[in-house]
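Scrolling down, you'll hit the structures one after another.
Two complexes are shown next, each including chain A; its partner changes from chain B in the first to chain C in the second.
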Partner chain A sequence: MTGMVDVAIIGAGPAGMAAAQALHVHGLRVSVLDERAGPGGNVHAAALDHPPEGAALLGRDYVRGAQAARAFAQSGVPVAYGASVSRIEGETIHYLQHGRLRQITAGRLMLATGAIERPVPFPGWHLPGVMGAGAFQLMLKQSRVVPAGGYVLCGTGPLVLLVACQLLALGSRPLALLETNAVASPVRVGAAHLSTLARNAGAVAKGLSYMARLRLAGVPVISGVTGVEAKGGETLQSVHYRRRDGATASLDAGMLLFHEGVIPGTQLGLALDCRHRWDSDQQCLVPVTDEWGESSRAGTFIVGDAAGILGADAAPHSAMLAAQRIAQQLGHRPDARAVAAARRALEQASGFRRFLDAAYRPGVAFGTPIADEAMICRCEQVTAATLRAAVRDGARGPAQAKAFSRCGMGLCQGRICGNAATRLIAADSGLDAAAVGGHHVRFPLKPLSLAELADEAPQTEQADG
Partner chain B sequence: MDEAEIAVIGGGIVALSVAVGLRRLGRRVVVLDEGDSAIRASRGNFGLVWVQGKGDLLPIYTPWAMGAVEIWPELAEWLQEFTGIDVSLEQLGGLYLCRSEADLALRAAKMASVAANVQGSYRYSMLDNKALRALVPQVGPEVAGGSYSPYDGQADPLRLFHALHRAYRRLGGHYLPGAGVASIATTARGYSLDTGQTRIAAERIVLAAGLGNAALGRMLGVEVPVKPVRGQILVTERVPKVFDLVMEQARHTPDGTMLIGGSWEEGAGHDTATSHDVTRRIASDAQAFFPFLKGVNILRSWGALRIITPDASPIYDEVAPGAFLVTCHSGVSLAAVHMQTVAGWVDKGAIPAEMADFGLRRFGNHHEAAP
Partner chain C sequence: MTGPATPALLRRAKADTVAFMVTVDGLPVQVHPGDSVAVAVLCAGGKPYRRAVLGDAPRAPYCMMGACFECLVQVDGVPNRQGCLVPARPGMRIVRQNGLNAGPQEGPAE
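On to the complex of A and B.
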């Protein structure tokens, strides 16, 4: 990897791969950085590492993702894998790779950092044995290991169904699926989105087939769950839940996989002071960009799910728009046809996303106030009660609340707790979440040792990447 | 329209120290704070409770700082009792480390001039590497030496900040966040403060808004010579506590992390960002000072703006009838004296004549003209 490029792309998932290849075709100098050992991002993690039959167990989308990752690997785009961005200052990106701090300089920056699971604090969510269903799926992809059974899945949306089906396919039948959808009848929502559904028939069929497979396998599906609690000593022992009619029940469980959708991964954009807005429908921060994906920080583009959740299939299209725009800014002729096709595809994806958002409403995250005993900030062990006390003491935003309570002051710098903290502060102070805002994110973005910082590799040593 | 006897402008440690002091004296107080993203030195403080080196350019500052740390334990005890927050005061002595012989010589001269301010009643010693390592064996062999003084210590600045806000609330103080002052008008009964959304009438006002005091001063026709000097700090992962002494370059926090400083940047304006070059230099110095830290992880860095006057000393002045200016760089070190003594001046409506040296007049006329 050379020290100076036209565009540096952070993230080699569906968006990053597509943007890199599009820019590469224009003859621009591109470098991609990714924390993982290979391409694919979260959604297609470790896609190149599976034998075909192993990948097939994870579903058809995953096999397609493996093909995209293979094409990217063969494209000749320079990539630094195992590379964690530590700091971005002006045009210089400092990143940690193999225990050494290195740097590249890029005229333009593209953030393709994807999504994170919506963090939903409930009592006991920090216990070993409780995981995000998405995080669990990532583990399946990367390690190809299924920990011993006793799975309860809880949440709403297609992913939780998919993971349940993947567990079935891998021979571990889930004990139950606790459905937290706040929408009682997704079918009725579907009726209002008929034309969208018709245009996305494949995706709809996929969703229906997941549910059919679960029912066929006899997995109990308990709907209308509005509250959940994980209990146990050192690890999870039981899952307690409450339904919309007030009824409560519990299940013994070895693993609880929770998922109420994903939100954009905004850490890097926040660290760069890119402007963000609060999406009141999805209750999360979303970067503000123009129609090409350029953020309020000139020359910094945000693409794919990092710019707003549209899903892995749509990610290459927003990446394509940004790539064409950058090509144009750098004096190349943009591919008008590719731009038009990308816009059409994004429009279709937005329509389908509107249906998904309307049909699957996070019942726990949106419907239930965070319980006092829930650990909001897992790094610093700050409970909701402590954060509430900070609000009573006058904190009206995450910065003051952090100073008062240490919420967001730990290892992850608010990556996990930030969304919940904003929602809690807004609810308790009576302010609009948009006015509360998000955490300030500081460099280094990931921990690095004093020696690693003090002994950054000189530019000349970095030719190989 | 809100109304109070005394309006304190500012929401940091200095403002809240004075506001709490005034509430304890039974005054009706309103605190006007800015929003969550305000530039706030109190949230970036290193947490020293410090005398070393203070007063080399303003002699009265040395005994003032010594008195402030002497009564600090009463403040810590009261806050613990009243708010339940332990601000973790430790006063076991402090060190200033010098990496080079040149730094050490400069330090020796500064300490001598400070000691001269109090005619020999200030105890300190200059240490070479050997003496330093006898005191703190973890100090590296390349370090030239340092200065030691028994008066110094530390407190957790964020806990102090929180405790002051909680104490103020428990004392029934009126707190208005998101209420930066846009203009100040004089009225027959004192002042009217306009925040853009609301107006607050007060008989007296306290300007305690740190760097914001420059703008507030201008609203009253007074030039307040405060300027930002940026400092960058690194914070480590949790490590076992290895030293009891506090150093200007490193200290353990009660939460188990270590803070590592620092920098003195005069040209950064109001930018609180950190920079690669400075954080790297701090890491490099820290490795030389404490070789055991090499493999310790840095979790975060931050930049904060010191509020620096031309002689790096506080300003206490009645800049207009009933309008008191309270500004300093050392809001933590001086917290107790601000609460007990300075609040008393505001309560009585006058700064004692023997404190006149802290006034704006010491900067001469040119500071009244130049912004």
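On to the complex of A and C.
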């Protein structure tokens, strides 16, 4: 990596890879930083770690993603892997790589930091054995592992169904799928989106085939679940759930894989003071950008799912728009056809996303108040009851609540509790979630040892990626 | 901590032909290309992945994407590495972090 570039891109997932290649074609100097050891982001994690034929087990989308990652790896774009952004001051990005702080200076910044699985606190979610279904899927992609004992899938949305099918393909069958969809009939929602569904027939067929495979494998699908609780000691022992009609039941299980969608990864944008808004439909913070993806911080663009969830297929298109805009700002001629094609693709993706959002509403996160005993802040072990007491004592936002209760003060710096804290404070105080807002995120983005801080490499001594 | 051994949360569905060894708390564990340090510990089993600094509560990775810090582990003598982001490499010495009271059992404490 050279020390000074035109554009630094944070994240080598579908958006970051596409942006880097588009800018590279314009002859601009680009550097990509990614925390992982290879390209592909979370959605195509470990794409280069396995022979291509093995990827077929994970489905066609993963195979295509692995091909994109391979093409990116061969494109010659400079990338620093294992590189975690620590702080950004002006145009200088300080990042930690292989235990050493390094710097790179970039005239433009592109945040392609993707999404995180929506953290949904419920009683016992901190027990070993309970994790995100998307989190589990990452291990499945990297290592072809399955749960060692009995397990339950719980949640709503296409990803839960996909993970179930991937597990079946690896010879592992869940005890049950607990559906937490707040919408009783996704089919009825589909009727209101018929033209959208027709334009996205491939994706619809994919979803239907997941359901068919689950039925064929005899996986019990329990719908209308509105509340869930994990119980155990050293590790998860049983999953208890409540259905819309009030009926309760439980299953003995060693793992619970939970998923109610994904939300934008906003940590870096918030630390940079980029303007964000509260999306009341998706109940999460979303950065405010112009039609090219440029944020309120001039020269900082936010693309892909980090800018609002549209999915991996759409991510390269928002990245393309930002890349063309940056090229234009730097005196290059933008590719008008690429811009038009990207806008068309994004419009189609937005339509389909509106259907998905309407058809798969998170029933636990959106439908049920967070139970008092749920450990909302896992780092500092702060329960929802304690956060509620802080609200009663006058806390009107996550920053105040943090001072009152330590919620959000731990190592994750509010990444995991932030979304739920905003929702709880809004619900309990009667304030609009937009007014409650999110945590104040400060640099360094991840804990840094004093030795690392003292030993920052001078810019002239940059190692190669 | 004594008591019954905690079963491993994960098992390998498809053994890769390429394998190498790391140690977890000094015991050899076979890992494969693509494995993170977190996966190596989860496959090892026997004990909880880690114990929290507050109250020694057992914890395990939750997000696997570098956000939750539940996967902190000591790697080659360096504490508090995010196990989900660190690829397993041949010969790595991985040591569980057991809260404040029972510190790492191998390697230099920093």
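Observations
What we mean here is this: the second predicted complex is superposed on the first by the 461 of 465 C-alpha atoms of A that agree within 3 Å, B and C clash if a C-alpha of one lies under 4 Å from a C-alpha of the other, contacts with A are read in each partner's own complex, and residues count from 1 in each chain.
Just so it is clear, contacts are C-beta pairs under 8 Å (C-beta built on N, C-alpha and C of every residue); 3 or more make two chains touch, one makes a residue touch a chain.
Since we're looking at a predicted model, the values are computed, not measured.
Applying the stated clash criterion after superposition on chain A shows that chain B and chain C can sit side by side.
When the two structures are aligned on the shared chain, A:404 is found in touch with chain B, with no touch to chain C.
By the touch criterion stated above, A:447 is placed in contact with chain B and with chain C alike. In the superposition on chain A, A:95 makes contact with neither chain B nor chain C.
Vertex at the C-alpha centre of chain A, arms toward the centres of chain B and chain C: the angle is 80 degrees, rounded to a multiple of 10. In the superposition on chain A, contact of A:62 is made with neither chain B nor chain C. Looking at the shared chain after the overlay, A:87 reaches chain B, while chain C stays out of its contact range.
Touch criterion not met for A:352: it reaches neither chain B nor chain C. Of the two partner chains placed by the overlay, only chain C lies in contact with A:171; chain B stays clear of it. Contacts of A:416 after superposition: chain C is touched, whereas chain B is not reached. For chain A, the partner that touches more of its residues is C, with chain B and chain C as the two candidates.
After overlaying the two complexes on the shared chain, residue contacts for A:122 are found with neither chain B nor chain C. Superposition on chain A places chain B within reach of chain C only down to 5 Å, the least C-alpha distance between them. Applying the stated touch rule to the two superposed structures, the overlap between the chain B and chain C interfaces on chain A comprises residues 380, 410-411, 447.
Across the interface of their complex, chain C is touched by residues 35-37, 42, 46, 49-50, 54, 57, 82, 84, 99, 116-117, 119, 125-132, 134-136, 138-139, 142-149, 170-172, 234-235, 254-255, 265, 267, 378-381, 410-412, 415-416, 446-447 of chain A.
By the touch rule above, chain A contacts chain B in their complex via residues 87, 89, 92, 94, 380, 390, 392-400, 403-406, 409-411, 413, 436-437, 440, 442-444, 447-451, 453-454, 456. The part of chain B that touches chain A in the complex is made up of residues 33, 35-37, 40, 42-43, 158, 161-162, 165-166, 169, 175, 177-178, 234, 236-237, 255, 260, 274-276, 279-280, 283-284, 286-287, 293-302. Listing the residues of chain C that touch chain A in their complex gives 3, 6-14, 16, 32-36, 38-39, 42-43, 45, 48-49, 52, 54-55, 57-70, 72, 78, 80, 82, 84-85, 87.
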